[in-house]
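Consider the two complexes below, in which chain A is the common component and chain B and chain C are the respective partners.
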Partner chain A sequence: MATITATPPRTLPGALKHPAARKLLLLALAAAILVPLANARWTSGTWPTALTIDLTQPLTNVSDWIIDNRDSHPLFLYFFGHISNAVVLSVRAVYLTLLTIGWTGVTALGALVAWRVAGVKLALGTAAAFLACGLLGMWVPTMQTLALMVVAVLASVVVGALLGLAAGLSDRMDRALRPVLDTMQVLPAFAYLLPVVLVFGIGVPAAVLATVVYAAPPMARLTALGLRGADKGVLEAVESLGATARQRLLTARVPLARKELLLGLNQTIMMALSMAVIASVIGAGGLGDRVYQALASVDVGAALAAGIPIVLLAVVLDRVTAAAGNGGTEHPRAGWPYALAAALAVAVAGRLLGRTDWPGSWTLNIAEPVNRAVDWMTAHLYSGVPVVGGTADWAGHFTTWVLDPVRDGLQWLPWWSVLLVVAALAWLIGTWRTALTAVLAMAAIGVLGVWEPALDTLSQVLAAVAVTLVLGFATGIAAARSDRFERLLRPVLDVFQTMPQFVYLIPVVALFGVGRAPAVAAAVVYALPAVVRITAQGLRQVDPAAMESARSLGATSGQQLRQVQLPLARPALLLALNQGVVLVLAVVIIGGLVGAGALGYDVVFGLAQGDLATGLVAGAAIVCLGLMLDRVTQPTGRRAKKGA
Partner chain B sequence: MSTSVFSVDGLWKVFGPKADRVPADPELAALPAADLRTRTGCTAAVRDVSFDVRKGEVFVVMGLSGSGKSTLVRCLTRLIEPTAGTIAIDGEDVRAMDKARLRELRRHRAAMVFQHFGLLPHRTVLDNVAYGLEIQGVGRAERRAKAAEVVAKVGLEGMEQRRPGQLSGGQQQRVGLARALAVDPEVLLFDEPFSALDPLIRREMQEEVVRLHREEGRTMVFITHDLSEALKLGDRIALMRDGRIVQLGTPEEIVGSPADDYVREFVRDVPREQVMTVRTAMRPASADEADSGPAVVPGATVSEAIEAVARTGGPVRVMDGSRCVGIVDHTGLLDVVAGVAAEADMAAVAAGSDAAAAGSRAAGAARVGDGGAPARARSSVGEAPRQRGGAVQPAGTNAETV
Partner chain C sequence: MRRKRMMTAGALALLVLTTGCGAADMTQQASPFANAQGAKTVTLSVQSWVGAQANVAVAQYLLEHELGYRVDTVQVDEVPAWDALSQGRVDAILEDWGHPEQEQRYVDDKKTITRGGDLGVTGHIGWYVPTYFAEQHPDVTNWKNLNKYADRFRTPESGGKGQLMDGSPSYVTNDKALVKNLKLDYQVVFAGSEAAQITQIKQFAKEKKPFLTYWYSPQWLFKKVPMTEVKLPAYQEGCDADPAKVACAYPHTPLQKYLNTDFAEQGGKAAAFLRKFQWTTEDQNEVSLMIAEQKLSPEEAAKKWVDSHRTTWKAWLS
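Right after this comes the complex of A and B.
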């Protein structure tokens, strides 16, 4: 009951008053009946053991059975085995092709494709990026990652486009797929790792399939969206001319959805890169693996040497595919043959000169100087800097003053009160449906028996979200009010939004060492750009007429902000909160790799020790946590907006 | 029947759950729109509509928004599936057609021009115009040649390689028109094609349609909410309200003898002398008048006759070939302009004369139909409250509920 009396003062003020009060009253009533019952039957501290189901044994059995039968059971021989072989073969084929073309050929090909699609500037950027990868001594890992990406992206696009086509053309498919895709979109990447490992074992096939599962949903969603969003008037006109269903699809719907399709491709590529890097945990080689290994031994220099190519790859891929989506239709196609011929010529020339491998003498070893710099930082900035303290001090203080109290507080709360708070928040922001899903998801975590680590993760998420929102709203408001600030900010946000989650761990480890505070810092940095952007956009899109009338009444700019802009931008702010929570969770989980513990660590531990049961339970808990956090912060209007 | 292209009989389109029962049940069928909605949850967009479209005519369906006219025209080629009734094109039952036959109808016999153009933004003008032929499977060279020809016909030479996004609204609608013409259909269906255009462009496009009709004599079904457009283009006009046709007739019949108060209210501000012909204004000739003096043809509008009368200062003969069918003079013409001939209602007389006087001033500057819109706007602000408060009120509320 304590929580019920605690929540109203926080949520009651404002426009919500009446419906909010009614919802809380109902909830209080339900709690008054149910809580004494629960208290009488079970304990009231942490999640009661009577209510947990131990899945370790059955999961271990399943895992053992799969390991025993992987080479003999027909399901594996004739289905998964073929998939696995096909993946290995195609990745290997692409990899060998890339190596055969040689660094000159790959660079030339990349640059020329970028030139045809996006113009000269990006072509130069692409070439520079490839050369930088070589220069850092990362040519071979880059090609490994690229080979994995090519296969994964092709598969994702095919799967996603087919699903999207089905959902775009059939209402029933759309209704069935939409909630699944929506949910997949909010789940942290780590949740996908365990199930594929269970079936395929650690290795390239598992990595590729996890990437496909993670990267296909945006393609499917955007394909469906594009097909559904086609101008009704055009479709009617096409029908009035007597087009068959096939003609309508090929000559009207698909071309009209071009923009969404290319945006889907762009998002799929970015998601695939992000996952291909994370999948190093389950056996994807390449750049991600280098970062992973380096982080495991806290070798920041080596991590950076592998991290920079990832960032370059991400930026180049994003810009080129985004440029393809934003136009470029006017380019004549005539340039393509020349471009391909030129690339081929360069590749052949490189081969004739015997320069297919990146020359060893041309590499630049940045690991050493970077590590020296980090050592210097460790020595001078970590602690004891007069007045401000050091980065390690900050991390320590953050941990003891913020993270620990929040975690202990959450874990001290009676389990039913946590459920009640979840229900109250979700119901106030969303509908009773979202509240129900959120409560069930939270309860499922308890049933799985990972209540404590889940609350640990939750405490990190809450701390990170709080910091993100304070910084994000402040920056967003500033960006919305000053054009110059926004112009300065835009390129920074662009770069930050394209970087894979994994990369953010490198600088925070350099600054703060390992532990929970660095994970929170990485999460904040990762989620901040989206929050800033959505906030600024929401504030800028406030009806100018309302602003004008406020100005004409003599409102100060502070009054305009408080009384007009913020209330009118409420949906955008809620969306920012939702996005912030989802993004923060994704990185906090990955933080398990750098000592953040909790659920993310369970997954890593499960993978490292071959204890798939622990990992799977933690993965399921991550899914539940993601579902719960998304539903709690899901504004009522989101469904309707997406449906439109 | 032999000369009618479309023949529509007892057509119904009802939206909503179990729509079939509404036309079938005479009690439901008779309900007003609001009652029908509360009783069944259905909306009847088209109610028991019957008409024939004759070969070579411009048949205008006119009504306010929500009157069901756009639904009606879509029912003709089953872009919207009708609920009940029969539609025949050249005697062939459209509702009985299977998919292939229906496609054939859409491809070759009836082409449509849309209010919002419905052009494909990723194709050039030429490829948009050729699109209908492409759908039919016509080869690339042939369809492009045909499209180029039609593009020239609608006055878009030199813009073949542009994309719709680079054209003005009027030009886009020319592309829409060209696309419909390119398939050489038997009937052209226009769904409020010029509503989204500026007034000047609209007039230009109307003249384009008049010209095309004069040159090719193609049958046209034209949907509009603009009375002046209907009067200008239509050989016959069907005036719709709440899904029903309240009056069907020539422009002169609609303006000269409105079927009910709704139609009367609608045509109140039409400059009558621009629509009515001298047939309405003439009286039988006496023996001495029939032989000499200036003459006009029977199809001449009253305003042309006024000019002739004003110039000569005396009565004018109406000559059908070499036969004198009647005489028009000041009195007869003024009666028409004032609306006295057709209407006994004193209020209408007062309003009519006022409108006519203003209308003829407007007609001095602009031609038929163009005065319509400003005339209506003027009456709604100044004249209506002053003179016809009582009569306007019901019509006004009707217009809102429509």
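Right after this comes the complex of A and C.
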């Protein structure tokens, strides 16, 4: 997966000292005045009840109103109804088309498009991926997911591109949209589901819309970035030729932003695919539903059989769109008609042979061997391993020695001191604006009345991030220093990054038992690839001249790493931290499904019971928590980019 | 340029034509994957537990092989499934454990859902300890003695108290109130999903560790991990009326089937079949066990059962 590559400008560590001290001093001063005041009024360790708002009643009323009026109120009949209809119709159209051209046609079409866009190697890969989906007995679910994805991605791209166009052309729009997009980028997918379900009900329309909301922001963000980054010289030249504003846009700015647009497409596809699985909770059908159903009978093998096609689709789509973004100009356009004609011929041939459905006998049952392997693993690792103890013991120790103290510590801290710590961290690393956002987000959690569970979730996030960073930095450094190791690592990272999180929830329970420990473990597995990748990339991009001079001064390889590479790669490491935190939060929430409790459980509960009050409040709290964590770890760079 | 504009206009016109300019009631809308390639389709809701999968597997097998329908299944939690059923996204729920609030709203008030009769299986929720532990300590099966054993049930997640493990948030549970009102030294730990709960129970059982869990019958896991129920204060009609003050056991519930009203009226043979569908706890367990333990696909399990119980299901088709 192409990661978000915002490269913040280098900040000189030396110059930071003075402002940092000043900021802390100012904050201490503010605290000295405000804390006694707050403390005198509301003396309590946790968030004072006087400052909370109970939303249960109004939210229950809203929920009842929607259910009672969903089939009669004009808002639903003339607005949401049409949206829902349009989604159903288009998904159905794509699905029927895919079924009509049959498996031979789909495979041929996929391969030939890949060939035109990205070359022979990827074409073979694409064909192999499609055949593998069929071989696993997942052809029809794969087509359902593909149909849903096509519609969701197209809608996301249109919405995203329009928003991006607005933000790219108008400064005012940009200022208005940027915070919204920034926020949406850090929201865990789980938090979106409930409101969408309430309006649209369980089913495909809800799933598609949740996916669009989740997947459109990167497209918007990158479109705006591309339009703003267009070469001024070229624009001036075009203007001097007397082009109208529209011509300028279509002939100069959009083509110049091609790379960003395709990167946006790539990101959108990846986000949509990861959402396709989570959306199975609200009836998306297809592969995600298979994963979800398999998990209900604790069948890891079957879950994997449905998970692998998702990974394959993701890897293929990622590589093809990435290749389209990087080059593609060396291929002449003339190939397209041939490619399409060939695909059509194969599809017709397949149809004539009566082979539109994947033949039932051509399937491979991987579920059984996988289950046996998982059983063996859990049977031998769970407990009683000599010397190191079993995984259950580790989980127990981790819970008692790390998670419990961190949670109890956080919940013991007076509420104002939590706000102060947040403010201090966010201000030191960012600007007073980020600090203010972070503090307000944290305060909103208190106002919503979920202070305690939010701190519980926070403690899990902190523990998981710590583990992720230790492992991620170590692996990243190793990958940056050895080409061979990095090549070996790449497919592993790809798989773990795209594998639906649901698939490894059950093995994780089998290894670590029910509780917070398995949630942390799953979060580490999910966040690790991104951290490793960004770390390795950052270290590799360190100026070769600096490395050379260090070497010529006789620095050992350890010294080079510590004194040259790591300090110079500091922005990349901060970005890795930021991404790690956001990804960990997303999975810790899903951990509600394996006993992690706290906010994640509340969201799951809200979805399962159709309880808007519990679910939405928890969802909003997660949003705030995500916002706070993002701002606290956000390097100043992303802001500074504004001028560029 | 002009051609482009015409094309947009055409696309818009098409959109308007297909969606219609009038009202669009999205509560009467089928899944886009339904009825593909001209088949008659029935959509069944599968809840997350395996017993429900067994019902659906057999119903699906018979609908497909004996009546020539295509069956789509959707996995939805219980309460949202009621919602989906009333909207016609799902045609039938085959196993419902009792949702008085939804029954009132959809069956009695809005009449979008019709009762489909008994499933034939009686459900019961309770607290269970593994039989190997109950045999060593027979007095643990009375709730009055639970506090004595609290430290045996302790885990890292339950803090200093004993652990009472609950499952999926979608299941009916009064356990938090029960623990409080019966003054038990226990902490309710929510596994968050049935899969997680089963996995944990199996791991405990493998090591013969004691545990206390919320569980329900009929459930195939009893065959794999024998468990004994802990007696709670007896259930009386209405003793669970106030969720905060519950201090009694869970009732025995005859499980119900529900059909979407339109489907019940116009569903033809499929609707008639689903109304008549009725089997015993043993039948259901047999199929569940094949799915969950022998890892047969639901379809294979259903086929096995159908092949050996011809007389039972012939009655449903007449």
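As a convention for this text, the second predicted complex is superposed on the first by the 548 of 644 C-alpha atoms of A that agree within 3 Å, B and C clash if a C-alpha of one lies under 4 Å from a C-alpha of the other, contacts with A are read in each partner's own complex, and residues count from 1 in each chain.
By definition in this document, a residue touches a chain if its C-beta (ideal position, glycine included) is under 8 Å from a C-beta of that chain, and two chains touch if they have at least 3 such contacts.
Quantities reported herein were computed from a predicted structural model and do not represent experimental measurements.
Within the superposed three-chain model, A:P255 lies in touch with chain B and out of touch with chain C [touch as defined at top].
Contact with chain B, but none with chain C, is seen for A:G242 once the two complexes are overlaid on the shared chain. In the superposition on chain A, no contact is made by A:A444 with either chain B or chain C. Contact with neither chain B nor chain C is seen for A:L55 once the two complexes are overlaid on the shared chain. Of the two partner chains placed by the overlay, only chain B lies in contact with A:V234; chain C stays clear of it. In the superposed pair of complexes, A:Y78 makes contact with chain C only, with no contact to chain B. Of the two partner chains placed around the shared chain by superposition, chain C is the only one that A:F605 touches, whereas chain B remains out of contact.
Looking at the superposed arrangement, the partner reaching more residues of chain A, out of chain B and chain C, is C.
In the superposition on chain A, A:L344 makes contact with neither chain B nor chain C.
Chain A meets chain C in the complex at residues 67, 70-71, 74, 76-78, 80-82, 84-89, 91-92, 95-96, 99, 144, 147, 197, 200-205, 280, 282-283, 285, 289, 292-293, 295-299, 301, 367-368, 371, 378-379, 382-383, 392, 395-396, 399-400, 404, 505-506, 509-510, 513-518, 591-597, 600-601, 604-605, 607-610. Partner chain A is touched in their complex by these residues of chain B: 77, 79, 102-108, 111-112, 114-122, 131-132, 134-136, 176, 179, 183, 189.
By the touch criterion stated above, chain A contacts chain B in their complex at residues 231, 233-234, 236-244, 247, 251-252, 255-256, 258, 329.
The touching residues of chain C, counted against chain A in their complex, run 15, 18-19, 23-33, 36-37, 46, 48-50, 53, 72, 74-81, 83-84, 87, 89, 105, 155-157, 159, 165, 168-170, 189-200, 203, 206-207, 291-292, 295.
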